[in-house]
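Take a look at these structures.
Shared between the two complexes below is chain A, which has chain B as its partner in the first and chain C in the second.
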Partner chain A sequence: MRNSETMPDVNPIRPKRSGLQAVPATPPSTRDLLERAGRGDEQAFSALYDDVAPMVFGVIKRVIRDQALSEEVTQEVFVEVWKLAPRYDAAKGSPHAWVSTIAHRRAVDRVRSEQSRKNREQADVDTKVHTGPDVGDEVVADMVEQLDRVRVREALAALSEAQREAIELAYYGGRTYREVAVLLGIAEGTVKTRIRDGLIKVRDHMEVTR
Partner chain B sequence: MAAARRWRPRDTSSSGHHDAAIHALHAADAAMDRQEVEGCGICDSDLEAFRETASHLAQAVAAAPPAHLKAAVFTKLAQNRRGPHRLWRIFFGPHPIQPAGDSESPMSPPDAEQ
Partner chain C sequence: MNDDLHHLAGAYALDALDDNERLAFEAHYATCDICTEEVRSFQEAASSLADGASTEPPPNLKGQIMAQVAQTRQVGPVVIDLSEARNRRRPNMRLIATAVAAACIVVAGIFGAQLLSNGSDTDDLIAAPDAVITDLDGENGQLQIVWSAERDQVAIIGSDIESPAEGSTYELWFVNADGVAKAALFKPDGGNVNDVFDVDDAEPTGFGVTIEPDGGSDQPTSDILYLGEI
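Then we have the complex of A and B:
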């Protein structure tokens, strides 16, 4: 029997319940961190930052393609995450999906508001559509994340060239499906079909290899 | 996650439902009629599923942010502290979870380390 007077409280957030033994502290899940941040827990928000910042910064940088601007937008995203955290509904999706949606939306908004389309189009000309996302020197060397990244790249590589191109332009390029249609010279309905079928394939691949 | 494995989006080509994949991938497309999507159970569930997939695309390009960025984020938050616990206090009184003291609060800019 432990002495509750002397045992450290492994989780000061969770209310104490009599009769429960202290269990070794396990890292809180991202969902737990987000929900605690939504209740004003700043320590949890700090841990949440450590957890999702690479994803947030990575996708923003990929869309915006400018280091300084990406840092600025990343700051804005985390301020928004902090403010919106009380409204996070776990039944509506994972924390990663919730945060990445905010980050992607902000990045696309910024690109458009900066009216940098001409620059990006020039960059598009210079940058051939990749068979997978760029993974540069800054990629976090975490084994689990690395494996996830490999699986996504495999999933993207398994797509047809047409599907991959449409998804890359829409997501990483921040283009609407109508813009993708114009860029590729194909019908809007065709773009929709390619994106939809491509995403289903990616999802299937991620689930099969999980 | 058996339910997730059974998921298949509806064929939106002729059903009158919204194209959830497009909404999941692009904010501008989603903004057009998000209210309608969220009001439709079928579109809504498809949208959630596609958003999960889109988050994999985000995670695939994860990149370590510069070390100073965390400090910048928390400085910005400290400058306009209107966090959820403040709103909670306004509407409900003292929040059951009190943030740590100022010296330990992450809202105080941490050292530029990560």
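Then we have the complex of A and C:
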């Protein structure tokens, strides 16, 4: 465990392990922060927020797009991260993966429930077949712009165009693979294959560059 | 290696499964080492996609969140969560569940059979064409169940199994969406279990083990000690 465990309490009112100030020079890792947050340390949680909030808000905003709704969902996600922090298990994944999984899941749940509500409303006034929400050039342009982050761009560059398209529609678009299949006009099995093969490439690339 | 299995792991990591598939996959991947590792590594890959979308949140958001956090109680840590795993079983998952489980069983079959069997009765049952091998996870290690519907037999295999208290016995249960049914009573011998039992006709989707008074019970009366899905 960390040094703070063995040091005397700086402030006897606080829980034993909460003294951020007791940690020496090197900044605590995200994992340390998450584990301390899991023991009820709000200061650690505050530092954790600073560390992961751009990723959390970014991925939520990407999926949801609406600013106000994205803020609302970001708030829900962080409260959930706080609540669930005692159950974080480092053996099952990095803190970033754990947090981003919660964030993305929540964002996707939100757009899908919104979407099904809209579809129901729309069905009353419109007999047009809805195969899924519109994905226009704007979305694609937005994605390209946002992907301007070196490591991710490189990782995605390693993908074939077809793999990238499937992964972006699924992850950033919040679509199920079935929806992706309809949007791209290809078989569901093909989408699953592209997603999996693409993720293997991204994973391998990240492992090399990390 | 089953392709369907891996394809679902990728889509799962991107939250690209619909609700039914998601539940079905979750109910299974945790009991399959290969699925678990795939999901773990794919979620890491997905987190780099999330990083790629990084955007500064509005500055006032943090204050609101910290204020809410200050009033929010955290959950307890996981001690052992078998009951939750049991409750997650849903009858409407059958279709995918079967595909995923089949792939896991193939793997379990290859490794499991080599690893643990040494009794000839057990070997005989494993060799049955319809034999299904299921790992049951528990706090103190694993049990393996070999089940043949054709023969109405189960084998229970395990090592380092703690002896139940005087006057009590382990009881194996068939589990499915309708509930549980008695399967067999067993006790370890020197920590080892390697027994074959004749059982009633059953359609289990999983197995559970409890400790019961000698002679067994009609319904489980203790916590579930071992649990696994087919």
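Following the convention adopted for this analysis, the second predicted complex is superposed on the first by the 151 of 210 C-alpha atoms of A that agree within 3 Å, B and C clash if a C-alpha of one lies under 4 Å from a C-alpha of the other, contacts with A are read in each partner's own complex, and residues count from 1 in each chain.
Basically, a residue touches a chain if its C-beta (ideal position, glycine included) is under 8 Å from a C-beta of that chain, and two chains touch if they have at least 3 such contacts.
Bear in mind the structure is a predicted one, so any value in this text is a computation, not a measurement.
Aligning the shared chain A places chain B and chain C in steric conflict. Residue contacts after overlaying the shared chain place A:Y177 against chain B and chain C alike. Residue contacts after overlaying the shared chain place A:Q75 against chain B and chain C alike.
In the superposition on chain A, A:R36 contacts chain B only, with no contact to chain C.
By the touch criterion stated above, A:S46 is placed in contact with chain B and with chain C alike. The clash between chain C and chain B in the overlaid arrangement falls on one stretch of those listed (42-50, 150-158 or 204-212), that is 42-50.
Residues 38, 40, 42, 45-46, 49-50, 53-59, 61-62, 71, 74-75, 78-79, 82-83, 85-86, 92-94, 96-97, 100-101, 103-105, 108, 149, 152-153, 155-156, 167, 170-172, 174-177, 189, 192-193, 195-196, 199-200, 202-203, 206 of chain A contact both chain B in one complex and chain C in the other. Chain A contributes residues 38, 40, 42, 45-46, 49-50, 53-59, 61-62, 71, 74-75, 78-79, 82-87, 89, 92-94, 96-97, 99-101, 103-105, 108, 146-147, 149, 151-153, 155-156, 167, 170-172, 174-178, 180, 189, 191-193, 195-196, 198-200, 202-203, 206 to its touches with chain C in the complex.
For chain B in complex with chain A, the touching residues are 1, 4-5, 7-9, 12-13, 19, 21-22, 24-29, 48-66, 69-70, 72-74, 76-77, 80, 82-88, 95-97, 99-100, 104-107, 110, 114. Across the interface of their complex, chain B is touched by residues 13, 36-43, 45-46, 49-50, 53-59, 61-62, 71, 74-75, 78-79, 82-83, 85-86, 92-94, 96-97, 100-101, 103-105, 108-109, 112, 132-136, 138-140, 145, 148-149, 152-153, 155-156, 167, 170-172, 174-177, 189, 192-193, 195-196, 199-200, 202-203, 206-207 of chain A. Across the complex, chain C meets chain A through its residues 6-11, 13-18, 40-58, 61-62, 64-66, 68-70, 72-78.
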